[in-house]
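See below for the structure under consideration.
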C-alpha cells in the first residue's frame, strides 16, 4: 500500500514538474509550448559529447552532483530563454494555433538537431549511480531515487511557491499570468516576465531531465515526448493558467496511472492509457475550465 | 495563383529528373531501401555495413556469376510512406535484390513494392513471421531468427541449465518484436510446467512509460522473488526497466531477447549481474568461432568501430545465402533464386545455420549463444538450441 | 505645456474604425470627462493612450515625450496610470499584493519593500477599508471595494495622470458617490490630473471640469461640463439624428 | 457615415442562406474548388507524363495528405477549434478498409476476432473506401455527441484524448486489429487516379459544407460567438455536423493511405501524422480551404526539394549534398519563418478565385 503511494507520488512528481513548466509559459503568453519535451531531451543530451557512436561519451555527466545539477538546470533555462528570444518573441500577438504549431516546429528543429549530433540510437548514461540503491523505509524497500524524486519535487514546489509569493518578480509573474495587459499598465516589464517564465520553465525541464535520466539511465531523442503529453493534459485539466491546478492534476494523473496498473486485470492492463484518457475526457466534460479554474483569468479575445 | 502553380510545377518537373530509370542486365544490382536517417538508421546501418562487407568479399573474389555486384540506395527516412517510395526507386535502379529495413513495420512497404514487381526482398534483421511469405509474399525473406525462438530458448535454457523454477513474465506491449519474444516463452512454458516449472505472475508495461514502479511493486508483493523474469522488451525502454528492477532490489535472473545485446548501454546499470541474452554471434571477442572474431576485426577496420550488437551479423548472412542461391540457380531471376533458397536446409553460415522452406522464409529454430553479464561484464557462457522448432500456430498467434 | 496631447488619433479593429482623427490635450491638474454612448470609441481611446491598443494613425504625447506605440510598461513609467473598465483586479492575489505590483517599477529589488511600505501607508490612509482586509483575496471584494482597490493600485505607481474607465459601472449610486468623493480629495491632495470616461454626462455636470462628448468615434462637443450639460445641444449630440 | 459596431453581419448571413441566395453563393464561390482541383489535376498529369514510379508514389502521398488536410479544415477552419484527434478517424478508416478488402483466408488467420460476416466479406477497394469513410463518420458522430459541448483548449485536449484512446485500443486489441503489428494484405493501388478523385471529392465536400447553412452558421459563430448564439445558432450542433463530415473525409483519407502503402499500423496514425497535417493546414492558412490545399502542395514540394538537396545535386564538377538530417531542420526553420511573416498562414482567410472578383 505504502509502496503504491510512493509509486504514484514519484510518477506524479514528473508529471507535475512537466505541467508546471508548461503552465508557467501558458500563464504569461497563452502559448502551449510543445517544444518543452525537446528541451527536456536536450538537457539530457547536454551531458554527452556529440557523437554518433553507439557508446556514449559522457562529458558533463561526469561532474560531481553539486556542479552537475546547476549545469543541467542552466542548460534548460538557457535553451528555453534562447527559444523565447529567437522565436517566440515574434509571435506574441499571434493566435494560439499559430503559436502551438510554431512551438511544435521549433521542437522538431531541436529534435533533429540532436538526432544529427547524436544519432537516433538511445544512449546510456549512468547519472548519479549511487541513487540506484534500494533503501528501507517503514518496511517498504524503495529505490533511493524514488525517494529523492519525491523530496526534490517537494523542494522545488516549495521553493517555487516561496519565490512566487515572496519576491517582487514572483508577484509580477503571478499578476502577469492572471491579466497580462493590466500588469503591463502597472509597469510590469513584459520581456522580463516572459523571459523569467521561460527560464523557470527551462530549469524545470532540466530538473525533469535529471530525474528521468537517472531513473531510466537512457538518453533518448523521444524521451521528453511522453512526459510532455501527460504534462500538457495535466495543465489543461488542472485549469490552464493555474499553477496549483497543474501540479494537482499532474499528481492525479500519476496516481490514476499507477492505480489503474494495480487494479486492472492483466488482460485489461495494456488498455490502461485508454482508461486514463477516458477519465481525462470525463473531467473535461464536468469541469471544462479545469479542476482549479484560474480565478479572474480573462479570456483574451 | 498561376504564379504559385508555376513554381510548384517547375519544382515537380525538376524533381522527376532526379529519378533516372535504368535497367541493365549486364550487372547485378543490390538495392538498399533502408533508413539512412531518422529513428531506424541506428538499426539499419550496422547490418547494412555487414552486408557491404560480404558484397566486397564477393566482388574481390571475382563477383557473382562473373559479374560485379553494384549497389543502389534509397533512404526511407524511417517513414513507412517513404519506404514505399524508396522500394520503387531502387527497383527503378534495376535492383535484383531489394534489401529493406530491419523492422517489419518499416521494411514492409518497400518489400511489398518489390513483391509487386516480382523481385526478391530481404529484411535485414526483422524477427517477425510476417517478414516473409506471411506478411509480404513468396519472394520475401528475413536474414535473422524469429523472436519467439529467443523467448523459447531463454526459457528452456534457464530451466534446464540454471535450474530456474519460478518464472515471471513482463511484457512491453510497444512492438510486435516484444510480443513475439513472449509468444515464444508462452509456447515453451507449458512444456516446462509439465517438468516442474511455474509461471508465478505476469504484467505489462509500455516502452515509453516514465516509471514501471507499479509493475515492480507487483513483483515485490509475490511471496517469493521469482527465479527468473522473462523481460520481453527492447531499447530504449529496456534500460530503464532493467535499471528500475535492480534499483528496487530485485535480483532475479533477467532473461531477454537479442534486442538488448550490446555493451554500449551497460554503463547505465553499473555492476549489472545475473542478466542473460541470446545472440547469433558474440561481439565481445570471445565467440567460439574464429571466423566470427575475424569478421569483427574486418568490421572494425571498415567502419572504425566494433559491432555494437549482434544485429550486425544478419546483414552478412543475408548477402551470403542470397549469393549462394544465385550461384546455384545460375541466374538472378527471382523465381529461380527463391527455389534455390527454399532448398537450403541447415545451410552453414558464419553465424549459425539457415533453413528456408516453401512455408517459412525465416528461422523457427536456431543455435543461440548465451551471453551472461556478470558485474557489468558480458561474456559467452554457453549455447542452446531449442528441443523442437517453434510451430506455426505459436508463430502466427 | 500640456501634460497629455493627442493629435489625429485613428484606431481600427480590422475593418472597423473605432476612433477617427481625434485630437485634444490636457493641462496638468485638469479634470476631463469623456462621455458618449456605447461604442463611441471612448474606451478604445484610453486603451490607446495606455499603449495596449495600437493606433492606426496620429500621435500621442505625454509629459513632453511621444508615446505613440510605446509599450504599456514604458508609458506607465512616464506617469500614466490606468484604471480600466471592469476594474480588472488580480482576483487570485491579495489586496496588498494588488497594490504592490505598481510599485515595482520605481525601485530596485532590495529597496522595494521598504519603499513600497510608505506608499502603502498613504493609500491605506485614503482607503482604510483596504488596510483592514489587506491579506484577503481581491476577487472576494464587492464591486465598490474593488473600485477603491484599483484606484489605490493606480496611485501606487505614483502617477501624474490617472485615467479611469467608467468608475460607476455596476456600482450603486451611493457607492459611486463615495468613489468620486475620494477622487476629488485625492486630486486636491496630490495635484493629480484626472481623465474619466463615463457613459452619461450627469456625473460630469455634478463634479464639474471639462467635458468631451464622443459619438461614432469622433468628438462632437468639447467644453465646460456644467455649461454644456444644461444645453439642448447635448441631447442632440448624444443621441445623434435618427437613422433611416 | 462612420462605421460603428452595431449589429453583426451574422443575422444577415444566416438569412442570406435561404434558397435563391444560396444558389448565387454557390455560383460565386464554386470557382475556388474548381481552381484547386485543376491544380491537383495538373500536378497529376505531369506526374503521369514523367512515368517515374517513385515520383508517382510521392504525388500519391501528396494527394492523400490533401484529403487529410481538407478533412481537418472542414472542422478546424470552420469552427476555429483546434483538433488533435482527427487522425484517429483516419486510423478508423484505414482499419475499416483493411477489414473489408483483405483476402478472407489471410483475414481469418491474422484477425480471428472479426465477426463472421466481416471475415467473409471482400469488397473492391473503392467500395471499401466509401464504407470506411462512413464508418469514420459514424464514429465521429458518437464521439462528437459527447465532445462538442466543449470549446477552446478543453475541446482540443478532449479530441487528443480521443486519438490516444483509439490508438491504445487499436494497438492492443490483437484479435481485431492485429495490435501494434502491421495489418497486411491490403491491396495496393499504385495508379494515381483514385487518389486524385479522392482529393477532388474531398475538396468539393469541404466547399459544399462551407456554403451550406450549417457551415455558414458555424463560421459566423467562429467569428462572433456571442452574437451567433444570440441569434439562435446552436453552436454544438453545427460543430457536430462539421465534426462528422470532417471525420468521414479523414476516414476516406485513411482508407486511401492504407491502399497506397499496403500495410497499416496504429502508430502510422498518431502524433507525427497529426502534427504534419496540422502544420500544413496552419502554414497554408487555417481559415481557408485554399490555404489547406496550397499548404500541402507547397510544403510537400519544399520537402521534396530539400530531400533532393540531401541526396546530392550536381553543381558543375562536384556534387553538393546537405548533411543527412538537415532536411528536417531546414523544414522546421522555414515553417517558423513563414509563420513569423504570415501569422495567419500563407492564404490567411482568403480563397483563391479568379482575378477581378471580390476576394473573400
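Labels for the chains are A, B, C and D, by order of writing; each one numbers its residues from 1.
To be clear about the criterion, a residue touches a chain if its C-beta (ideal position, glycine included) is under 8 Å from a C-beta of that chain, and two chains touch if they have at least 3 such contacts.
Not measured: the values here are computed from a predicted model.
Fewest steps needed to get from subunit B to subunit C, stepping only to touching chains, is 2. Ranked by how close its mean Cα position lies to the mean of all protein Cα atoms, the top chain is A. Ranked by how far their CA centres sit from the centre of subunit C, the chains are topped by B. Between subunit A and subunit D the centroid-to-centroid distance comes to 31 Å (mean Cα coordinates, whole Å).
Rounded to whole angstrom, the centroid-to-centroid distance between subunit C and subunit D, based on C-alpha atoms, equals 49 Å. Subunit A and subunit B have Cα centroids lying 35 Å from one another. Multi-chain contact residues, meaning those touching two or more other chains, occur in subunit A at positions 115, 225, 270, 273. With touch defined as above, residues shared between interfaces to two or more other chains in subunit B number as follows: 37-38, 173. Residue numbers of subunit D whose C-beta contacts span two or more other chains: 171-172, 324-325.
Listed in rising order, the residues of subunit A touching subunit C in the complex are 167-169, 171-172, 174-175, 178-179, 181-190, 294-296, 298. The touching residues of subunit A, counted against subunit D in their complex, run 32, 87, 90-91, 93-98, 100-102, 104-106, 108-109, 112-113, 115-116, 225, 229, 232-233, 236-237, 240, 270-274, 277-278, 280-281, 284-285, 288-290.
For subunit D in complex with subunit B, the residues that touch the partner chain are 35, 39, 42-43, 46-47, 50-59, 61, 109-110, 171-172, 179-182, 184, 188, 190, 257, 260-263, 265, 268, 294, 297-298, 301, 304-305, 307-308, 310-311, 324-325, 327, 352.
Contact residues on subunit C toward subunit A in their complex (touch as defined above): 50-52, 71-73, 75-77, 81-82, 84, 88-93, 97-98, 100-102, 104-106, 109, 112, 137, 139, 153-154, 156-157.
The touching residues of subunit B, counted against subunit A in their complex, run 37-43, 78, 173, 202-204, 206, 208-211, 213-218, 220-221, 235-237, 239-240, 243-244, 246-249, 262-270, 305, 308-309.
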